[in-house]
Every structure is written in C-alpha cells, then in structure tokens.
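These are the structures in question, set out in turn.
In what comes next, chain A is part of two complexes: it sits with chain B in the first one and with chain C in the second one.
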Partner chain A sequence: MTDERRKKDAITRRDLLKAAGAAGAAAMIPTSLDGAPVEAIRPVASAVTAMSNAPLMNLTARETEILAAMIDRLIPSDELGPGALDAGALGFIDRLLSEAGSTSVDAYRSGLAALDRYSEYTRGGRFVELSERDQDSALIDLQTGGAGGAGADFVGSSGGFFNMVKSHTWQATFGDPHYGGNVDFIGWDLIDYPGVRMRVSDEDQRLLDAEQLEPVRRSAYDYAMFGTGRPRGPDLDGEG
Partner chain B sequence: MRVSLPVSVLGALFAIVLMADVVHAQMPATFIVESPTMRTGEMMPRNYSPDGRNVSPPLSWRGLPDGTREIVVICQDHGAGRPPPWVHWLIYNIPGDATGLPEGIPFDPADPMPSNVMGAAQGNNGWGLAMYRGPAPPGTSLHHYHFAVFALDIELGLPPGMTRDEVLEAMDGHVIGEGSMVPIYSRQPAGRDTIPGGALRRSGSDR
Partner chain C sequence: MPRQVRPADVVIIGMGAAGGVAALPLAEAGLSVVGLEAGTWLDQRDFAPDEIRNNYRDWPFLVKKVEDERPTSRATSATNANRVGGSPMMNAVGGTAVHYWAQSWRLNPWDFKVASETVRRYGFSRLPAGTTVEDWPLDYEELEPHYDAVERAIGVSGNAGNVRGNIDLKGNKFEGPRDREYPMPALRWTGFLERMADSARSLGWHPFAGPAAINSERYDGRAACAYHGFCNKGGCPVNAKNSPLISTIPKALETGNLKVVTQAHVTTIEVDREGRTTGVNYVVGTEEYFQPARVVLVAGYTYENSRLLLLSKSNAYPDGLSNNAGQVGRHYMSHHQGGAVGALFPFDLKAWYGLPAQGVAIDDFADDNFDHSDLAFIGGGNLWAMSDRRPISAASMSTYGRGRNWGSGWKRFIHENSDRSHGAYIQKTTLPYEDNYLDLDPTYTDRLGLPVIRITAQYKENELRAASYMQDKMEEWYRAAGAVEITRSGLGNTMGITTHAYGGTRMGNDPEMNVLDRWGFSHEAPNLGVLGASVMGTSGARNPTLTAQALAWRTATHLVEAWRDIAE
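Moving on to the complex of A and B:
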C-alpha cells in the first residue's frame, strides 16, 4: 500500500467514524434496532467484558466466525487504531442477545446464514473466505437491499439485517464501557470523544476548540450521580 | 382583410422561432455506444447485478464529435425511483480521448481508476453511494437500464459524490454528442440446487 493510498484510506475512515461517533457517543445510551434501549442491558464490570475470545452463548462457532468477519469490515482494525472486535463488539452483541435483544437471536442466526449463502452464490466462497474488497462489496449489497432477491433467503430485507448488526456494532464500539463494549475506551479514542464530564469550564471549552483538551476516559457510571443504585455486574450484585 | 395580432402573440411566435433555431443549433451529434458483454434489449449478465459480483460493466464508444473534452456516463432505470429515474451509476471527469470504460470500476475511492480513465470520479447513485450498483428490480419484473454517454465541450472538474441533478446542471449547454444502450434485467436468483457453491460457479458463463 502506498503512502498516498494509506492517507486516502485514513481520511475516509476518519470521516466515517467521526460521523458515526457523533451520534453514538453523544447519545451515550443509543437504542437497539428492535426498540430495546441499551440501558436495559445490565451494566457489567470491565473485567467481565474482556470476553472477545470466549465462545458466544447465543451463536454457534460458525455463526460467530461470520459475525466477527462482518464486524471487522464495519469498523476494521487498521493504521488508525483498533477496531470493533478489539472494542469487544462480539461479547457486547452476545450479551445483548441474552437480555434486551433476545428477540433478535433468530434474526442474527438466519441473517448470518443468509450472508454466507449470498457470498457463495455471488462471489464463490464463504464470507470469511472472501477478499476484503469482496466482503465490502457483499456488505454493500446487503445494505442496499440488493442481496435480498438473490436467492439467499434473507428473512425480511437484507438491509434490515445489515442495519441491525451495524447498529449493535456502533453501540458496542462507541457506547459507554459500562455496557460491555468500548473496551479500554477504544471507540472514544477513535473519534476523539472528549469524554463524560460533570462540568465544562470556559477553559475546557477553549482547550476543546483548540483541540488541546485532555480527554476524560471514565465511564459515566463511575460518577456517583449515575452509579447510585445500579448493579455493577453479575460478580458484584450476586445475580447470575 | 387585414388581421392585426396582439403584441404578446407576436412575441410568443418570435420566441418559438428563436427557440427552434437554438435547439437546432445545439442538437448534439449521436455516436455509437457498445459493450463486449451487453446489448440493447438483451439481458445483462448477472455479474453486473447483486445476483453476481455486482461489478460495473465494460462500455466502449466511437464516433465522438471533434472538440470532446470530457465524457459523462449515467446508468438509470426510468421504471423505478420516486420520482423516476433511479440512478445506478454516475461517472464523470472521464477524459475526452477515452474510448470506453473497463469492467469493474473501483467502488472504493481509495482504489485508483484504470489508467485510461485516470481522473474520472463517481457521483452518487440512488442509494447515495458514489459507486456502481447494478439492477435489482423488484420481484420478477423486467426493467430497462439506460446507459447514456455524453460528450462535453468542457471539462467539468467536479468532485466525487455529486448528484445526477448537479451533474446535469453543470453539463447544461455543453453536450455536443450523446449515445446510449439499453439492456434489460430481471432478477436471476440462485437455485437451491446450487447450495453450497458448486453448480453455480461451474455453470455460470457470465460470471
């Protein structure tokens, strides 16, 4: 890859993440596609969230492999920094499917199987076997809905499945780490999010405008006014 | 008997005559647009649709008028969109001496354009994406896909990501030649007997 190419890639991805993060991080508690607010997911201690390599409870190993490959194309790990997988998106989605998003389990399983079939039909290999360019092209066809009529048996529209996974990946990467994603504040670092602050002084605002403000890397629930009365995860609240 | 017409009617007649002269004077020349893989009135190969790899088709043209400085290609479906047409592809800043577009123009702006159309840029299609996305007509319907090629007497110098309307506005008054081809398409879903991935790959001459 040439320096010029790398520069163009960086600009493109930076712009994308800025746009995505503006919505994701600012909202703090975004809503999942099926209407269940992410806050309905019990917050977890950060030690519990470091589970990206653990088997998922709601998906098979094959399904997990496809989902991981898809997530890795949505927010890839590259020269700009770690991506969604590093941010713990797999574990976040698995936890979502166990709780507030449990009604989406079937949509995930059927959608991932359809994506694999679609890749076979149109590009001659399983999704995980395709080149990055072909993976991107296949995902664009999902996004635009074109994959839906190709005989791969997407339930509903392929765009609906794409948007569900994208939405959950965004939430996992840019949401508050309290909910199990954004491990080590990877997502906030990617978009230069200044962090959760209880108070913003004039000096803070001036530094922010000058792009010199030191970011705060602290969960909102580490502040007393948000943390009071909330469970801190299964290892602390005695629940299973 | 002498008939006198109101001034407004005379003015309108004069304007019609004047318009006719202008239209005649600016009538673009026509030229030939072809493709090694597509023909007007015939089915497009599935590889140019989401039933295949969804790459852009190759096009060629000949007989462009002298003075052509830039070429613009628009692929649109007049049977879709609210309002029609639905834009599938928009590519401009193509050098005036180019004789065609190869198959598979990159969809990633980070990838370089082919050397013979270096500098070309893609505008937004109906999905708001600056790339080619092929036909996906609903159900079993059959649609016509109009590949229109325009020869311009100026270089537009437009940035990537322009809309069809923006490009048409920039082209206004500068089209000195045009040509087109209109292949058709209806969805060609894979059969269940092709699961997983053997027969389709072996039998697909158009892949």
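Moving on to the complex of A and C:
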C-alpha cells in the first residue's frame, strides 16, 4: 500500500469513527484508491455498500459507538494499514446478530454497557472518551477477566465478552467477504493470504514455495457453482 | 400406531462412514436393504470453500440430531456431568465422513493384541491398573482382506510400507503386512513437509506420507484432490474426499436393492418374546413409522449406538437391548488427541493450500514399535505434521509469548508470522478402564424427551505419561526442523465429546464382558449387529474410520455368508 493511501485511510477512518454513534455502520463504507465506489471494482463488496447510510439494526447508537471504539483498538488502523472497522466489522457483527436463532444480541448489549460502566468506575470516563492507552488497559482487564468487579456487572465473565467480540472481529476481518466483512480484502492482504482458489496445481504450490504465486482476491461465492440458480458442476481455474 | 412400511431383509440405522460402507456388500448380495438416515442429501454445491461456515458457524445440514442429543460429560462418578460445547459430528447421507479429515489408517497388529503382547514382552504388572483391555476376537491378519476391500471400494491414497513382508521406506515400515499396494499413491508434499521429513531422518526416524481417503489422482470417475485449503471440516466441491455419499452408497443404490430414507430419526428397536429384533421405530417430522426387518444393523456414532440400545427396553431386555450382561456403555474411550504441541518457525511454511490428510507421519514411537522396558507406560503415539491453514485460524494463532494477541503490535506480529506457525497432531494409545463408561444422563434429554448419553471418563496415568513422552518427541522434531518457539498444551483430564469415540458395544468372545461376538453381532439378540468404532476394544494411535469401515464390511459379508443362521 502506498503512503498516500495509508494517510487517506487513516483520515477517513478517524472521521468516520467520530460519526459512528450517529450513523452506525454507514461510517464504514470503504472507498477504493481513486475514490470510486468499491462495488465497481470488487463485486463481493456490494453487500457492504448495500448497508451504507443505515444504522445498525440490532444495537443502539450508543452501543454502536462503544463497539466501534473497542473494535478499533482490537485491530486498529495504523501505519501498517487499515483495521477492522475499515474491514466492515461493525456491519458484519450487525448481520450476525440479525441471523435467525442468534443468541448474541443480549450478550453484546449487556457487555457493551458493562464495558462503559467499568470505564467510568476505574478510569473516570465513558469508554469512548478514554485515551487509547486507557482503552487498551481497560480491554486488557476485560480479556484477563480482571474487570469482573467495580460495578461493571458483566454477565458471565468479562473475558467471555471480550473473546466473543474478538472472535467476531477476526471472522469479520479475515473471513470470506460474502458476510460483509473483509472489505477490500484488507484482512487477507494483512496476512498475505494468497486467496480462494478452486484448484492449486503442483506448479501453483511450487510457485507459492518460491514466493511467486500471485494472490487471488475473490469470494468463494464468486465461483459459479456456489452461487444460486447457476449451472451445476465445478468451476475450476484453468481446467476441468 | 406407527405406520408400518414394507419389510426389508436388513435395516441399517445410519448411512454414515460405517453404515454407508456396509450397505454395498449387502445390496450386491441381493438382500433388500433400507438405510435410515437422520440427515439429508448434500452435494458439491453445498461445499463452498468458506471458513466462516465450515469452521465457525453451522454447517449447511438441515437436521441437527447429533447436536440435539450431544452427551454430557464428567471425569468421575463423584461429580455432576455438564453439557458443554457443540457436537463435532454431523447428520447427512455419508455422515461426518462428508467433512472429516479422511486420514485412513489401518491399525497396527499390536493394537489387536495389547493385553497378551504386553504380558508377553513386559509382564503382567505392566498392564495399567483398572484397565479392562483384552485382545480383540480377531487379529490384524483376519481383518486385512477387509481393509483391502474398503481401501478399494472408497478409494484410499498412500504409500505401502509392507507388502507381504517386503519393507518400503516410502511407507510405514511398522505397518502390518498388506496384500498389495494402495489403489493410489500418497498425496503430495510441500516444501515444508519435505523439510520435516528430512529433519526426522536426521534424527534417525522413519517419516512417510500418511494414507487418506482422498484421491491423489483421478479414481473411479472422481476428480483428484485440488488442494484448495478448505478440507478441514469442509466438504469437497470436486468429490475427491471419498465419503460413502459419493463412493459406496451410489454403487449400492445402483443395484436397486438399497433404499435410503432421509430425515428418519430412529427412536427404538423392537424385539419379540424370544429376544430377536423385529424392526425399528422411527419418526419423520411428527409422523411415526415402523420398519420391519429380519436383521437390524445399528450404525450410528459411538454415543448413538449405546444410547439406542439403552433406550430400547423390553421384557426380554429390561435394562436395554443386548444389555442383560450389563456391558452396553462399558469400555468407553475418547481417543487421546490432546496434549498438543505448537511451533513457530523463522520462515513462511507456505501452508495455505494444504489439507489435514496431507503430511508427514512418524510411527517410531507408536504402539509397541519401540522398547518400553524402561518407560512407565505402554503404547505410544503417531506424530503427524500436516499442511493446513486458513485465514481466520491463521490470524488467531498463538503469539508464542511475544505480546498480546490484538492491537497494533499484534498486527505487526501477524503480518510477519501468519504463515509461520505449525500445530502437530498427536494421537495416542488410549485404553479402556473399569470406571470409564457411558450411560443415560439422569437430567438432560433431546427434543423428544429421551435422555442423552452421559460420558463418565478420564484419561489415566498411562495416557498422560504417553502424552508427555510424545510431546518431548514432537518438540525434538520441531527443533531439528528449525523451530524457534514451542508451546505445549495440557495433557488432559476429562474425556469429553470427541470425533474419535470408541467402545460401549465392544466385540469379544466372552459374553460376560462384551456386547458383541467376534463378527459384530449381539451375544444376546442374534439378528442384531453393530457397526462403527463403538465395537472396538482398543483405540490404536491413529484415526479410527478405516478400521470401523473394514469391520463394518466384515460384519456385512459375514451376514451374507451366514444369512440363514442369523436371519432365520
């Protein structure tokens, strides 16, 4: 990624984070390098674009704000590149909470409220008002289960809440873009994942071993056989 | 009154790894076979390479019987059992073999004779306290033709290590003699796997490529493995993973003698006054059916097999079908696969496109392949270095003590190390013990109100000592290959729900100690057979599926040969 791109992402992200409480997931619309809608370049990002300008379905503005701040500390946007918010983690989690049978909504609501209370009692301010350093130390308390007391009243354990948000944030950032996360393949770029291929030949593996295999950037569901109403049968790169 | 359907010669309860294989020799022999399957049909289009769905969310199967009746577990009878986690199994035609790792091992000849061989080589005192282990009622040589038949019927790739006594170091020099080569060569290795093999050789060990029910080349009209990297709990979109769904079941259907009924939830097995089975009760939705049959083969997962027998009470069997000797649920084992070892390397492993069944095996410390005279345990483990990595799991890797696992520092760590970690898979000998058993839980039930299985079991000293020994060996191997950090997880305690669950309906010659005879038929109800790892009396140090399938094949062919004695 170029320095220019990084700067642009950073600014965009900061501005959007401020607006997160008011606009919910809308804040996290990614833009491509040249400012064109992502959809035009990456068909898989259409799900994210579709969520634009809409608040989260399952969380209040205040809850969204706390969650956004927490996610932003888990995988921040920094000099190494964009983070989980840019990857669409808020919208991903909102979609997850909308799924039939999801039992996580209450866990999110109570956990986010408890995080705010814990921040007030121990660090004198709402979580979103804390410095990044204090936010991090509060999250370390959560992760290690040390945030149980102090009037925070986590349902279950604070570590359980932390791990749930972390797991969902990781799924959002590094999972298939089909679910609304990993926008612009931010997560796969971060870990140099060479991409979803339907066939990896002996030669492909040799190229990978020699660091010469070009990454593929597409969702599993961009392969015809997994779409709906498409013809049956494998859709293999190059052969079959 | 349940609706009575047309009688069958044989009803098989469960069209999974074992039942789906046994159906073929029965149908080919001309017997009318009904396969009752709780799940539904799936096909290639259901198997998108999608880590979120395969590894973090529910699989695309409609029926969740295994989840609904997942067992409770506790270490000993002194505590209450808890119901934690989810079931690792699935309901579908083909069963969990639709998404298993497909490692397809034969057991070592020693695994069939653990009791007598231990006494012979080391003395009676070396049998662990409280173990109920006994020699199997058959030996490796007797099972060999059935291993061979199943390897060909489903398609197994691998390098033979011992063909009729001729040792070939491309395969496992410790394996029992095979009649011939595998039908396909082993899956390929990556550069890192070659490195692991070289390191093992430098230690004087004998590395080889493990066997898999995955096509290394085109086989029986199905494609070769595409190495796409989503095999771990993933179905195969090119049909290279040889579950019964695509191998034996279609062939059995072609005979016209197999009928598969899906979404059929079996509740009880019926018996007559003499104690012979007469058929099976099942429900589809809210509709009740009775399937009459001359022979009943129970072929669910290990927990389901004991449960179904315990739930099938009658005048002839007041404590559950074939349980008048009180042996149903006994000799239970959760295979010891814990005590993991992880390693961090200072270079990328290029592991993104592997599969768990593609790797390097070390059998030098398995079974009785090494001298235990100065060791405080019997048995051992199989070391397995595979090639398996997916993005979310890679990003969730251990930081090996190098800082916390989130934040900007972590981003730098993961950017550098996402392809540098490795986790070994180490399967250990696990023995049956007097106080490790399955019974019906007094509290938890499934949706029909029927009690679920309760696991009361824990790993004993023998398993823990073997696990610790194997961790030492694995660390030695990793260090030789250049690892810079090593992690070890705990050695284990409670035996929880596992994909490798054995016992509960053990085979053996003594009817007072075993539910089944040497052919897999009940000592008490002569026309009742049981298929699956629930019949096995020892675990071995490797994946159970091929052995369960070979035994199922043997039980089925025996049924054909002894039809009059068993069915009439």
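In this text, the second predicted complex is superposed on the first by the 172 of 240 C-alpha atoms of A that agree within 3 Å, B and C clash if a C-alpha of one lies under 4 Å from a C-alpha of the other, contacts with A are read in each partner's own complex, and residues count from 1 in each chain.
Here is the rule we use: contacts are C-beta pairs under 8 Å (C-beta built on N, C-alpha and C of every residue); 3 or more make two chains touch, one makes a residue touch a chain.
Model, not experiment: these values are computed from the prediction.
Clash-free side-by-side placement of chain B and chain C is the outcome of superposition onto chain A.
Counting the residues of chain A that each partner touches, chain B and chain C differ, and the larger count belongs to C. Looking at the shared chain after the overlay, A:Asp78 reaches chain C, while chain B stays out of its contact range. Within the superposed three-chain model, A:Asn58 lies out of touch with both chain B and chain C [touch as defined at top]. Contact with neither chain B nor chain C is seen for A:Gln135 once the two complexes are overlaid on the shared chain.
Contact with chain B, but none with chain C, is seen for A:Arg123 once the two complexes are overlaid on the shared chain.
Judged by the touch definition given at the top, the superposed model places A:Gly146 against chain B, while chain C stays out of reach. Closest C-alpha contact of chain B with chain C, superposed model: 5 Å.
In the superposition on chain A, the residues of chain A contacting both chain B and chain C are 136, 140, 143. Within the complex formed with chain B, the chain A residues making contact are 5, 8-9, 12, 116-117, 120-126, 133-134, 136-137, 140-141, 143-147, 149-152.
Considering their complex, residues 44-45, 48-52, 56, 188, 190-191, 223, 226-229, 237-238, 348, 350, 352-353, 391-392, 394-396, 404, 406-408, 410-412, 414-415, 418-419 of chain C touch chain A. Residue ranges of chain B in contact with chain A, taken from their complex: 49-54, 107-110, 127, 129, 131, 133-134, 136, 138-139, 187, 189-192, 194-197, 200-201, 207. Residues 73-76, 78, 80-81, 83, 136, 139-140, 143, 166-167, 170-171, 173-176, 178-179, 187-188, 190-194, 196-200, 202, 204-205, 208-209, 211, 220-221, 223, 225-226, 232-234, 236, 240 of chain A are the ones that touch chain C when the two sit in their complex.
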